[in-house]
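Labels for the chains are A, B, C and D, by order of writing; each one numbers its residues from 1.
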Amino acid sequence: MLEQLKLEVYEANMLLPKYNLVTFTWGNVSGIDRNENLIVIKPSGIPYEELLPEHMVVVDLKGNVVEGELNPSSDTATHVVLYNQFPNIKGIVHTHSPWAVTFAQAGIDIPSSGTTHADTFYGPVPVTRKMTESEVSSEYERQTGDVIVETFEERKINPDYVPAVLVNDHGPFTWGKSAQDAVHHAVVLEEVAKMTYHTLQLNPHGIEMDSYLLDKHFLRKHGANAYYGQK
Amino acid sequence: MLEQLKLEVYEANMLLPKYNLVTFTWGNVSGIDRNENLIVIKPSGIPYEELLPEHMVVVDLKGNVVEGELNPSSDTATHVVLYNQFPNIKGIVHTHSPWAVTFAQAGIDIPSSGTTHADTFYGPVPVTRKMTESEVSSEYERQTGDVIVETFEERKINPDYVPAVLVNDHGPFTWGKSAQDAVHHAVVLEEVAKMTYHTLQLNPHGIEMDSYLLDKHFLRKHGANAYYGQK
Amino acid sequence: MLEQLKLEVYEANMLLPKYNLVTFTWGNVSGIDRNENLIVIKPSGIPYEELLPEHMVVVDLKGNVVEGELNPSSDTATHVVLYNQFPNIKGIVHTHSPWAVTFAQAGIDIPSSGTTHADTFYGPVPVTRKMTESEVSSEYERQTGDVIVETFEERKINPDYVPAVLVNDHGPFTWGKSAQDAVHHAVVLEEVAKMTYHTLQLNPHGIEMDSYLLDKHFLRKHGANAYYGQK
Amino acid sequence: MLEQLKLEVYEANMLLPKYNLVTFTWGNVSGIDRNENLIVIKPSGIPYEELLPEHMVVVDLKGNVVEGELNPSSDTATHVVLYNQFPNIKGIVHTHSPWAVTFAQAGIDIPSSGTTHADTFYGPVPVTRKMTESEVSSEYERQTGDVIVETFEERKINPDYVPAVLVNDHGPFTWGKSAQDAVHHAVVLEEVAKMTYHTLQLNPHGIEMDSYLLDKHFLRKHGANAYYGQK
């Protein structure tokens, strides 16, 4: 069942330690088959050194396990919300990568402060509000997804153009057109968070880039008039 | 004598360079057999490249060498105090890992500023008070253990829930259910110290997380109602 | 056609990941044959793991592709301006190396704050002014080259003595007597940016070195009276 | 001639890249035979990948080349001064390791802020005054040695107890009982500089440790009553 997607999601999970985005088991990647409406996700708490493609767990869009003997990631309910609410995404990554977590713990957006950011994120990477006690105490992981969606809706951010969020006091989620694309965005996010952290130390005020430069770099790589790379 | 424990303690010691927690010989791991009341510990000043399982030294709960031709770690007396006073622990690690040392030298607790912290430490990682001249000049290593115990008693911290401390102007000790578990906590401590250092640079005030989020994350992984990982 | 130069430029490109100057495809190196007035440059968006010498693209000094089936780097027009305006240079590197980008995003020159800097750069590494909306919206990459040249002309900096620039809100370009020499300067720039960032955190004011020490170190390695190294 | 010492000095030089203390050729190690009064030192500007034991250059205590076809390190005159003025040392290292350079460029001593420091350095690692224009313009490298010696004399620091210095706006020199011991001190210096830099960011004032704790740790490892390690 979904053998090709399981392999893809397995390989995307194995990129997390390769890119130094995880310590121990602190991360997970999923992918979705939009025809079957089935999600493939990493099992909970299995060390990356021991992970195999057949460990991947299949869940449906209500979060019920459809196949697999292991418990799915404890963050599965968050992934499920995002797949339901962001209809164009096909892969999701969660990590505790340290520079992104730094902004999440500080409760601060990552401002768009240069072209490295603009090449991937069409505006600041938002931090959610803090979750309330009632949200944390009941269906916490589902509500984590809800607060992400609320952030994009209230701030009118298009998740296809800013494929990342910082959950307050927690860490980043990223997504993309595939599991591997979501990992790509997780790597860029960490690099951008590192650069922008240091930029803020040198120059605490006014590092937001001009909107026309943001437009230029994002649209040079994305959309109908993109001209970066090979056709 | 205690051949299995010697192998475990040796392997746990060898994890310190693997996880980049030590420079030269600046660290040591011990484990205890609670039935025999015997501690196995790294010898003093032996480079990790030359370390062998048979080099491990066996001491009793008064700190007397019971077996082994090498001097035990110069920090042995500190380990002995902790095994006597914290009855549930079975492994101890001491390192000079740089981010934890940063907080120890600054004389500042590591605040609980996010879920990465809360997944392992149920509250701030405390720094001890500075040791007095008389404590330093007489039985220094034993008194180092005493000041750690005092810190947990006076601040009413349960060492099973916060398995780490920063000795002021010195560095971290961590412990756990085994030597390897104590190393695991040493890795988490270093990662959390790094993240929280940077969080404090971005946002110097008010980064302490909400207590209900701390509860949620710690209890999601620990205790009777834990649901992280596989059963 | 230019097989030797293609190999040199290919090898210089492969040094970027070796020296940890690039994430994904965020960098490019070119070289020029000053007799033929032809430039060899990396193709756009090809991962370094897949790059081969025969992928290199040949363009003329107007930026027209002369040979090669792949699109040249999206930054080609910037390289072309620099080869036209800086007649002594034979290699150019562009990266998004994080410490240099930090200064570029902060909009701050890298001051000459020590002999490590002075051994390679005869004065501060300048940051350009921000580009205007009209510059960004029309022939952006060519205008990026123009603003670099303007910076050196207006500030009367000799590009042979300061072989590096920071494009505001973007990142570094470096150049040299060959493609490999330009990479050498990119490595030094990143190291110097890292050191000077930290120096500024310790001592925010007055870290500019004395001009006679700058003279001594630069001229010890460069020019007629140099005495560093072997003859 | 001095084949054993050449091999030792060669191997000590090769430790610099192993411990990540150098970029390109930015470092050198020497050793001395105190019976012959001859110094063995790295040649100038040779990449570490190409360095061989037979490249080592022999100079006398006036700095004259006694054997070797290559130019000795451009810093040879500094080494010669130190061997003449610090009679107990038998090895010297110079690097541009980034954390030590950070303090050198900031013009700030590295304070003794914890036991990691005290285990090796019996007090702050001093920064020299800035060199004057006349010192820089004439016999610069010899005068660099003189200003180091002046620093230790004027501040009454024993170079056997504090085997390191920061040359203002330049970088560190360390020394020891052998070339390898001097490298050991260079590694410790870099680690201590890194930790103390971060400590100063968390707590800018009053991080100097108590003198009795400094005494305890230094004397636990050094001198007649040392008890660290094996006998």
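Here, contacts are C-beta pairs under 8 Å (C-beta built on N, C-alpha and C of every residue); 3 or more make two chains touch, one makes a residue touch a chain.
Keep in mind the model is a prediction, meaning the values are calculated, not measured.
Relative to chain D, the chain whose mean Cα position lies farthest away is A.
Averaged Cα coordinates give chain C a centre that lies 33 Å from the centre of chain D. One simple way to say how far apart two chains are is to compare their mean CA positions; for chain B and chain C this gives 47 Å. Counting partners per residue, chain B has 201 as the residues that reach two or more other chains. Viewed as a contact network, the protein chains form a single closed ring in which every chain touches exactly two others.
Chains touching one another form the pairs A-B, A-C, B-D, C-D. On the side of chain B, the complex with chain D involves touching residues 23-24, 26, 43-46, 70-71, 74, 96, 98-99, 101-108, 130-131, 133, 136-137, 140, 169-171, 197, 200-201. Of all residues in chain D, only 113-116, 184, 187-188, 191, 194-196, 198-199, 201-203, 207, 209-210, 212-213, 216, 220, 227-231 touch chain B in the complex they form.
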